[in-house]
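Before any comments, here is the structure.
A, B, C and D are the chain letters, set down in written order, and residue numbers restart from 1 in every chain.
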Amino acid sequence: MGVKEIRTAVKCDFSKPAAEQEGFHNRWHPDIPSIGKIANNEVVKIECFDWTGGQIGNNDSADDIRDVDLTKIHYLSGPFHIETAEPGDILLVEIQDVQPFQDQPWGFTGVFDKKNGGGFLDDIYPEPAKAIWDFEGIFCSSRHIPHVRFPGLIHPGILGNAPSAEVLAEWNRREGELISANSLPRDVAKPPEPQNAHAGGADAELKTKIAREGARTIPGRPEHGGNCDIKNLSRGSKIYLPVHVTGAKFSVGDLHFSEGDGEISFCGAIEMAGIITLKFTVLKDGMAQMGTKSPLYIPGPVEPHYGPGRYLTFEGFSVDEQGKQHYMDATVAYRQTCLRAIEYLRRYGYNDYQSYLLLSCAPIQGHIAGIVDIPNACTTLGLPMDIFDFDIRPETKPEKLDMGSCAFVDK
Amino acid sequence: MGVKEIRTAVKCDFSKPAAEQEGFHNRWHPDIPSIGKIANNEVVKIECFDWTGGQIGNNDSADDIRDVDLTKIHYLSGPFHIETAEPGDILLVEIQDVQPFQDQPWGFTGVFDKKNGGGFLDDIYPEPAKAIWDFEGIFCSSRHIPHVRFPGLIHPGILGNAPSAEVLAEWNRREGELISANSLPRDVAKPPEPQNAHAGGADAELKTKIAREGARTIPGRPEHGGNCDIKNLSRGSKIYLPVHVTGAKFSVGDLHFSEGDGEISFCGAIEMAGIITLKFTVLKDGMAQMGTKSPLYIPGPVEPHYGPGRYLTFEGFSVDEQGKQHYMDATVAYRQTCLRAIEYLRRYGYNDYQSYLLLSCAPIQGHIAGIVDIPNACTTLGLPMDIFDFDIRPETKPEKLDMGSCAFVDK
Amino acid sequence: MGVKEIRTAVKCDFSKPAAEQEGFHNRWHPDIPSIGKIANNEVVKIECFDWTGGQIGNNDSADDIRDVDLTKIHYLSGPFHIETAEPGDILLVEIQDVQPFQDQPWGFTGVFDKKNGGGFLDDIYPEPAKAIWDFEGIFCSSRHIPHVRFPGLIHPGILGNAPSAEVLAEWNRREGELISANSLPRDVAKPPEPQNAHAGGADAELKTKIAREGARTIPGRPEHGGNCDIKNLSRGSKIYLPVHVTGAKFSVGDLHFSEGDGEISFCGAIEMAGIITLKFTVLKDGMAQMGTKSPLYIPGPVEPHYGPGRYLTFEGFSVDEQGKQHYMDATVAYRQTCLRAIEYLRRYGYNDYQSYLLLSCAPIQGHIAGIVDIPNACTTLGLPMDIFDFDIRPETKPEKLDMGSCAFVDK
Amino acid sequence: MGVKEIRTAVKCDFSKPAAEQEGFHNRWHPDIPSIGKIANNEVVKIECFDWTGGQIGNNDSADDIRDVDLTKIHYLSGPFHIETAEPGDILLVEIQDVQPFQDQPWGFTGVFDKKNGGGFLDDIYPEPAKAIWDFEGIFCSSRHIPHVRFPGLIHPGILGNAPSAEVLAEWNRREGELISANSLPRDVAKPPEPQNAHAGGADAELKTKIAREGARTIPGRPEHGGNCDIKNLSRGSKIYLPVHVTGAKFSVGDLHFSEGDGEISFCGAIEMAGIITLKFTVLKDGMAQMGTKSPLYIPGPVEPHYGPGRYLTFEGFSVDEQGKQHYMDATVAYRQTCLRAIEYLRRYGYNDYQSYLLLSCAPIQGHIAGIVDIPNACTTLGLPMDIFDFDIRPETKPEKLDMGSCAFVDK
């Protein structure tokens, strides 16, 4: 009976690089050694690095964004051995809380250089840019994007169980085929990459294997979730994750203070380090019983919420900016939808990079509206009007405010 | 001062075909004659046919769905000349109400034959199917999909102003190019089609021109909106529509009692005939002042609403059902997301066509979750748990209920 | 199979007084003859007069408010015999829809003369006043209270089953005792009143009895509900009503387009005539099984909704305007809370009667906040900021707008 | 630029009694010395004791509840001198966050002994009782009230500025008059009480004065707020507090993890110690400009939220449990409403004290429904159905579950 503080299952040491700490890893592989056991039905706290492992500073230059080393990202906390979990089970993970570290009350949103990572709109906005966000309790605001302020819908960008050897092989096969067939002038997927692979507590021999075979953490994948970047997989959510190996080998990381649907600038959420509180429950034979091949979840009951009538909503279609008609392409449509919002925000004096950053991280609603009316997919983007401290309704005459600027690369 | 009933600007005559009534048309063309004037700031009621113009019956056979004539669809009410509207203006349309006809308290949802219209999942579900929905005040339920019931988020599938000759030419150019380049074994767009073209009150010569040039009504298009099929463009919404011709030549139709994001089965909303009440306000020079090329809108403040924690949410990725990896394809991802939901619903005894129909018309939330994590786009589909009269949470042991069947083609 | 329009169980004839129509009555009594049968599980439409039976006009004078005859109010539609209902059952009534008559798209809110009805604040605001509201689809606005507009949360003020003879006797006993003991300079309850009693289709002898014994319709009462004036007992609600006599003898009336918590000006909702669609289901032995003595309900899922952060909220305590401390008196506290809101709204140029009318009928949230901190009860009143077309936040400098005036008595 | 942790303005020392710590006080008086300065626009963290100052233990006995010393309660943190604040100003306080202490993840709800504090229903439930709540991130659950779990709407029960000498004198006058006039067999208010008065850092002489004159902290009061116990004055809220003395002398305390409207069992919220993060902004001459005599607030945008259709709602009227008719008494009505809910919950096996505790602390909605229909006030109580892990809808056949018991006094 009585007071009981929750156990912290792994801690971040900010005095040395994440790459040197055994409690973290940055590839998906079944052989990465577990860093500890968690009982069925146990609640633990897990500390997490920000997704760049500390490469980005709280300053007014985007030089660090331009120079980010993408082989070093996503130092995930784990993997954890969840007791009693076996392949075919479902691991039910309840997200009981997510908090930034008390002494790091800030996060960042970046637009990557088109030549180093890029983003959803990099054909149009190829330069690096950055916004720093200060956390004010449940709210955040940015000196780089004035006149907006909103509460966070805080969540992990990544959580998932380790792939089995078979699942990993399938990932490498299908992504390898995509890479092989690629004719676009850009990377379409990232193959295994030994450089800067961090295999946690693996010994040298095992580390070599993992570095050679391990799947990159950038994409989410249907078999286990991973880097889904789902904005409302927030506090109070329950997620049902397929188990592929004994003990599940669960990992988590890439915490976000807030994100907009699509996380369009790639480094697009409000990225932060912090602490997540999770409860683990094993549902035996869950995959068969639920008939599921991919994760599913029930969001939490606590969200920032604006009334339905408080969203200024833009429409976009699968006709690209050169006037080319695409066939039912929701990706093209959503890009157009985002561009319409950026164009609209110019009337208030925001520069396009500020708007691009804002749409990436503010709680915007990106919907598939129509996906059957050939040849045009239609998507919508709902921008919550109440995050602005001025009136953004179309019929209100706009006044240009002093919007300053986001951070750019030093000249 | 005193009581004033709202004027009805056009009425449906159900005693004869829509094609024989001058107040309606089924092509987009600047030369279709206006059927009446509406003053700036006026409120009017407009009667609308269902989108098939009455081809579908309230019965238990999908024969009519199989045999639907798609050249005869979308008899839109209009066009209306909005006084003072000129090209470059924005027409602000407030949707004050939408109601079914009192003596037609029902609607339908169909899965088209893959050979005649098809739908988003027609590779997997090629057969025609149908569900009839009975309206119970604000609610609806279906004898063809038992154990669900939900309130409508009632809205027009189509509204928009006429294209100018230049806009129309652009549509025909770009869609023609797509058709010319097509190598898929399916229609990717619909070119102008003289058969069954209805040009409203046009005389024979003009009708011939319109039939030859007029754009089909199936797709929404960025310049004017049109068939956007946006589920929350419902009562109380304000939509800002670009004006391309003098008088705007506004048309509306294709009323829906409810729709799910994507309207996936194509004939996917709960289709109905009814009455819409609209207020029209001309915003002079609105396109330049708002910096907008496409419609935008603010939804109404009245929606059915479930708490955020009441959506069972499925994830899907751009890996198709053959295991092929696609590059950042939100359309592929959303198809997979839908399939995950259909697979899940099998555990309660629904057949796949019932679930396909349900996802098309119930108020499901289809979100772009992540659109930057190469190579996988991730989309989500939130299914409101409270529309079912049994508990669909994953950890609740399912009981198979008597789910009957949707309507299929007669044997 | 097929189209089926819903049966209308009783119709209003606006060509003659309600008092002359047999389908209506204005007293509660077990012996008022049923005007028709409704089957268990049947859905019907019921037409209703406004609560004054047409005494108030759509004009700019409050003379009719001043002169209203309160013995003539509440012509309820019914009573209906619900088949299979017996004492001890619960009658589950689902409110499927409520609509104004299409040719009467308006309603009224009144402040009664202190000498004829009065209201919650009549010590401070004793004069008659009135506002007319025009319905614009789901919205309403008033020429008498400019710069506000809101969607209705439409509902019946009154619904309930007839009392048994025993229940009626209990009502007359306890209210009689209150009247006998009264030392306040105002009416504290209304005893049976033969004048203008309308007993529906009763013959002369029965009518005399009913007129002598019948309970007035003004108060709600715990045994059956009645005039509860609950603002969110709206479309989609299910209410569970105790049955006291064979056939239930259900009645309904006093439709409201909208109301604020408390309905403070007495004639305080937006009062209207209209049509309500109800479904009736008998739950056998429901009172014992649910352990209930009073009605309970589950509201509908469709409400106008503003985010929680969009309510300007006033606090009030049980210290009256003379500085007298009352003991835990939530009624006194709520009166003070209303006064604080009225005082605040003066800064925008509203006169106090306009604000009084507005608080009565707009969707304000009146909460019991603290009821245990002796000696002060604390209540709150949340005013939705989004119903105003200007910014009412305290830190925004107010501009006085032309607020015109509500209707007063002609000079 | 860069990381900056928020300053903590006062800390709790749990190694000694609150009464011995200078940063806290338990009376309202203008002369209590300020414990520190806070700049205009500054954000600070403030640590707070639970309202009993640690008298209640995390155990299974209500002995401590029975024996609580009510002269020792409400050790408030402060008072703080807010720079630039002068009488007539408004102090705008934004609640940026509230958190329990990390090593005290629990709280308590108590029913006081009728002879020592009592509560809203103490005539019916006079015994002491207790429930301990464990915090699970944003959720809480109790071993004493099984089968419920809900997220907290965390807030301070008390915050306010010091009264001026004049305001304090007015409080003592009017509450003294109430006490003098009292004929009820219970305390109706608490006069100044020297015993256990804690005047913070006051010297002996000043302490004597404060102990003699200082107002008790139990009631909220219209001039400054104080113990308002408003459940949605939670994170993200902005409250506008009148300033009566130079520097405002702001104090805060009595943190609640959750509360139901009315906080009916008096020790009725989920009481906890913790940390509150506040931002202070002085609005010069705010009282005159806002025309306000009492605090007002705008709630935060982040609340647990259930759809409107997920509240089982009880009705109550001003007829008491002896059948006596009261005149328009919302306090009587709300007591009856609470009793209806308690009676209903018996069908699931909860004992009445469990239900009484639950209604006190769960996020129930207590509304003033009708306050004008003489003689009956009508109030409603909305119980969120989704906090239960079983179906509490009336038409679902109840199964009695093992509900254990809340804590009672040891025998």
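What we mean here is this: a residue touches a chain if its C-beta (ideal position, glycine included) is under 8 Å from a C-beta of that chain, and two chains touch if they have at least 3 such contacts.
By chain, UniProt protein names: A, B, C, D = Formamidase FmdS.
Since this is a predicted model, take the numbers as computed values, not measurements.
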- Message: Counting hops between chains that touch, how far apart are chain B (Formamidase FmdS) and chain D (Formamidase FmdS)?
- Response: 1
- By C-beta contact count, A-D versus C-D, the higher one is C-D
- Note on the structure: Chain centres from averaged Cα atoms put chain A (Formamidase FmdS) and chain D (Formamidase FmdS) apart, in whole Å, by 39
- Just how far, in Å, is the C-alpha centre of chain C (Formamidase FmdS) from the one of chain A (Formamidase FmdS)? 50
- Query: Just curious, how far off is chain D (Formamidase FmdS) from chain C (Formamidase FmdS) if you go by their C-alpha centres, in Å?
  - Reply: 32
- chain D (Formamidase FmdS) residues touching 2+ other chains are 236, 300-309, 386
- Can you list the chain C (Formamidase FmdS) residues touching chain B (Formamidase FmdS) in their complex? 1-6, 43, 57-60, 95-97, 102-106, 136-139, 151, 235-236, 277, 279, 300-306, 386
- In their complex, what parts of chain D (Formamidase FmdS) are in touch with chain C (Formamidase FmdS)? 90, 92, 119-120, 170, 174-175, 177-178, 182, 184, 187-190, 218-222, 225, 227-232, 236, 240, 261-266, 268, 283, 286, 289-303, 305, 307-309, 311-317, 319, 323-331, 334, 336, 340, 343-344, 346-347, 365-380, 382, 385, 393-395
- chain A (Formamidase FmdS) to chain C (Formamidase FmdS) touching residues, read off their complex: 305-310, 386, 391
